[in-house]
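You will see subunit A twice below: alongside subunit B first, and alongside subunit C after that.
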Partner chain A sequence: MNTSMRHLANWSILGLTLTFLIGPFLIIILAGASNTEYLAFPPEGLTLKWYLKVFTVESFRASFLLSMALAVFGTLAALLLGVPAAYALNRYDLPMAETVRTIVAAPIIVPGIIVGLALLRYMVVPTGVTVTLALFMAHTALVLPYAVRVVSSSMTNLRADMEEAAVLLGCSRLQAFTKVVLPNIRGGVLAAFILGFVTSFNQVPVSLFLSGPGVRTLPIDMLAYMEITFDPSVAALSALLAFMSLAIVFTAERLLGFSRYV
Partner chain B sequence: MFRNTREGLALALPAAIFSTLLFLVPVAILLSEAFRGTSGGWSLQGYIDFFSTPLNRTVFLRTLKLGALVAGTAAVIGYAAAFCIVNLGPKSRGKVFGMVVLPLMISPVARTYAWIVILGRTGIVNEAITGLGLSDTPLRLLFTETAVFLGLLQLFLPLMIISLVSAMENIPRDVIPAARVLGASWIEVFFKVILPLTKEGLVIGGTLVFTGALTAYITPAILGGSKVLMLETLLYQRVNVSNDFVSASVIAMILIVMSFSANLLLKRIATARN
Partner chain C sequence: MSDAFVQLSDLTLSYGKSVAVPNLDLSIREGELIALLGPSGCGKTTTMRAIAGLLSPTGGTITIDGRDVTRVPANKRGIGLVFQSYALFPHLTAFENVAFGLRLQKLPEAEIKQRTEEGLATVGLTGFEKRKPAEMSGGQQQRVALARSLVMRPKVLLLDEPLSNLDARLRLEMRTELQRVQKETGITMVFVTHDQAEALALADRIVLMKDGKIEQLGTPADLYARPETAFAAEFMGFENIFKVEGEEIVTTSGRLPLEARPESPILAWRPDAVTVGSGPHEGRVAACSFAGAHREYVIDSALGPIKADAAITLPEVPLGEAIRFDLPLATARGLAA
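Presenting the complex of A and B:
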């Protein structure tokens, strides 16, 4: 096979694969702009009304805010637990380090739907904790493994003697941490935040059972909405969410070379 | 390395305790539910009942079948795509690789919903079929195993490609040309050179795709509905429609055992490599 033939074969395979992976998004963007009252592709005419309608649907507004709050505060809480844990696992010779690592990583392995059901049955029902609080804790636990892993890997490159030097020069241990360690792992912490945010925001199975009157995360709300309505607004909302994720990932890549950490 | 163990534990334990209380304990109680006999004591009756229902057996086998099919297809496409990506120049390689990874960051609801637009009654495929006069009425493409298969494949293919690309990058550059010069056909090159050298990546990608497909909820829910139930959607139905927590517990155990064994396998590969 000569070179140009091989080039052609190469790009046609890649073209087909990428069409399969990315094509659906282009379709969704257009489907959300269809001027029909029902979902149609190719659209007969284009309109922005469904994109605008998304913002006026009351339940979307409420569930978007809930998902945002869960993603931001759940990830922050996970970092609050995860950064010290990652630090300890790297800097101390802990007796049960492997056990701690496995326990903290467990939420990744256990399918989310089971976690949601378990929390509903054995936490929300018997103790009367609100669904919102259960959601917050579930999302925190879900993001925790990513926080520990990403922060850990950015800490392995940081030599411990820098910190020891800071202590010898008169810093307290806490000061050594905030002045030497933290600035050096800032990129990792930010990357962990972004990864955690995206994971939490897109999460469905965990939240499936953890919903109550007026309390629904955005993806769950979309599932409920598409069961009763067949207009293009879910397509429009899907396209907007895709743009939001892309914007976050691109900004992160530009600012800190996000992909290094993931 | 600091020596003060107590200090270290004080930093690490909050995370571990949090995970234990929120994850391990509730999940363990849930899993124990299927073993609790009606008259107290322990029994396997929950499992026997579950598997003696034909619908449950169908769903169980379908989930395994779709998982294997998706993983197998992803492997075939993945090898072709990964081979092409590795052969690109460094600049376009990064771009193409980025386009493969990007979908992973996007909401699975959005990714799955696109298939409704493609396969729905007024979707692109049906418009084409009726437009060409191949059929007078739109075909039912949604709520079929094919729809679920396509949705899962699109969702998890990137994981396979990523694993295979990093496996192929480790093949020494001259090995494939050398095999060709020595007279191996492309088929022989694949089975005697590429496959043995990328076995690890294939296993990693395969487990990720298989467990992903096994534990996906959104895709079977949106594209399969109650016509094409998979274990996850069956679990949801058992809880929300029939309040049957014993079945839910059995399904949970099946899912956890599969996903745990897959992870053990991955861990063993990782340690074997080190």
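Presenting the complex of A and C:
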């Protein structure tokens, strides 16, 4: 193959990849702006009314707040469990460390549908916990693997003798952790938070099983809305959420070089 | 010993079931600069970590300045340690690294500032206050680590392989620096090294260790001139060590007669103690390299290879040619079996 042919092939592959990655995003933005009473692509006439309607739908507002709360507090809880776990896995020569790593990673590997069904059948039904609590626990578990993994990778460069040095200068073990370890893994922890937040916020299959009457996360609420109403506001909402994720990741990248940790 | 400042008594250190250091006794005097010398795995680092309190002994006691600190945790022992990797805090500037321990003591800000600046000045790093560790050379990082320990005014300063990560020029500089700091502060220092040249140049006394035990303890001059065992002799540069049977030297390759019956069962010669160019024995030149003031020969002899230094004034003997040599009793060091 000569050089120009190879160039052509490279550019074609790049073009196709970008089309498949960005294409759906563009379709959603435009479909949400369609001046029709139903979802249409290509849009027939352009309007912002669906984008504005999103904010007036009462159930969207409630489910958005629930999703936000789940994403924030679920991820915080996952970090509260995940940071010490990552620390222990990195610092100590634990028996069964590999097993623990595998178990912690399980929620990523096991299909969400199965996790959701299992949680419903064996946790929610027998114990009778509230739907909100069940969702919170499920989201914590789902985000935990990311917390452990991302924080772990930011800890690998952190040598144990730094903490020993801190101890010899008068720190307790806990002070050595808060004064020396934490400041040096701050970037990793923030990255884990953002990744966890986005994962939790966009989570569908598990939440599907655990949502109950009046308690729905935003994605589930959108599904329910679509079953009844087929106007472009769902597309508009999707586009808005995509912009939100984009803004978060972009800010994180600018602030702390997010991509280093993921 | 009554003048012991640091006293290790019957100290036993283990990792799980394997004993790294069994029943060690060692006295260190106040203001002394002591080297723990030995190959890797000899227990020198383990011993140092036990003095620091980073490792709990399974037996015995550690006394520092008259106080039993065996059960005192590392952060309450008042001991400084300069790590081999320096272990600086990467998120803090040089100033904040040095001030770290003082801040923990909640000293007044003015005193922290004054002592930190003093500490940086002692190691010649005035003007580097705002640098982060990543913006400094290895030598400068080590000075920060040294200052960070010194400003705490520790009773004992431990140094783990303080010169091994530096290049040859910096090593000489840091060696002088350490000696100067030690003289100025009068601090008791214990450093760990595997390099006998480093120990000889720096220490007041050397503790040579092997398999967790003290093989020999003495001044550098002592150890250099009068090693007592084959292990010590080898470490001190006696490259020709042979067994003696009656009036003969014996190796697996052969034997050579001595001029008289020696008192010791093992004899050792440094390369410069071997006579080259004359003598009763003959071998062949297996290797020869020029070393400035002398030539270093490897002589293929009845005993196997012998390392011998010849004065530069003697004409060079080409590879493979016959060369005369002697292992005189007068220059031999007799060793215990």
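The rule is simple: the second predicted complex is superposed on the first by the 251 of 262 C-alpha atoms of A that agree within 3 Å, B and C clash if a C-alpha of one lies under 4 Å from a C-alpha of the other, contacts with A are read in each partner's own complex, and residues count from 1 in each chain.
Just so it is clear, a contact is a pair of C-beta atoms (placed from the backbone, for glycine too) under 8 Å apart; a residue touches a chain by one contact, two chains touch by 3 or more.
The structure presented is a predicted model; accordingly, all values stated were derived computationally and were not measured.
Novice: On subunit A, do subunit B and subunit C fit together or clash when superposed?
Specialist: Taken together on subunit A, subunit C would fit alongside subunit B, as the superposition shows.
Novice: Using the touch definition from the top, say if A:125 reaches subunit B (first), subunit C (second), both or neither.
Specialist: After superposition on chain A, A:125 lies in contact with neither partner.
Novice: Just checking: does A:42 make contact with subunit B only, subunit C only, both, or neither of them? Give me first, second, both or neither.
Specialist: Touch status of A:42: first partner only.
Novice: One more residue to check, A:184. First (subunit B), second (subunit C), both or neither?
Specialist: In the superposition, A:184 touches subunit C alone.
Novice: Who wins on subunit A residues touched, subunit B or subunit C?
Specialist: B
Novice: Return first, second, both or neither, reflecting whether A:8 touches subunit B, subunit C, both chains, or no partner chain.
Specialist: Touch status of A:8: no partner.
Novice: Figure out whether A:168 sits in contact with subunit B (first) or subunit C (second), or with both, or with neither.
Specialist: second
Novice: For the overlaid structures, how many degrees, to the nearest 10, lie between subunit B and subunit C at the C-alpha centre of subunit A?
Specialist: 100
Novice: How many Å separate the nearest C-alpha atoms of subunit B and subunit C in the overlaid structures?
Specialist: 9
Novice: Can you list the subunit C residues touching subunit A in their complex?
Specialist: Counting only subunit C, the residues touching subunit A are 52-54, 74-77, 79-81, 83, 85, 87-91, 100-101, 104-105, 145, 148-149, 152.
Novice: Of all residues in subunit A, which touch subunit B in the complex?
Specialist: Within the complex, subunit A contacts subunit B at residues 10-11, 13-14, 17-18, 20-22, 24-25, 27-28, 31, 38-42, 81-82, 84-85, 87-89, 91-95, 97, 99-100, 103-104, 106-107, 109-115, 117-119, 121-123, 137-138, 140-141, 144, 148, 160, 198, 201-202, 204-205, 208-209, 219, 222-223, 226, 234-235, 238-239, 241-242, 245-246, 248-249, 259.
Novice: Which subunit A residues qualify as touching subunit C in the complex?
Specialist: Listed in rising order, the residues of subunit A that touch subunit C are 159, 161-162, 164-172, 175, 179-180, 183-184.
Novice: Considering only the defined contacts, which subunit B positions touch subunit A in the complex?
Specialist: 1-5, 7-9, 11-16, 18-20, 22-27, 29-30, 77, 80-81, 84-85, 87-88, 96, 98-103, 105-111, 113-118, 120, 122-124, 127, 154, 157-158, 161, 215, 217-218, 221-222, 232, 235-236, 239, 245, 248, 252, 255-256, 259-260, 263
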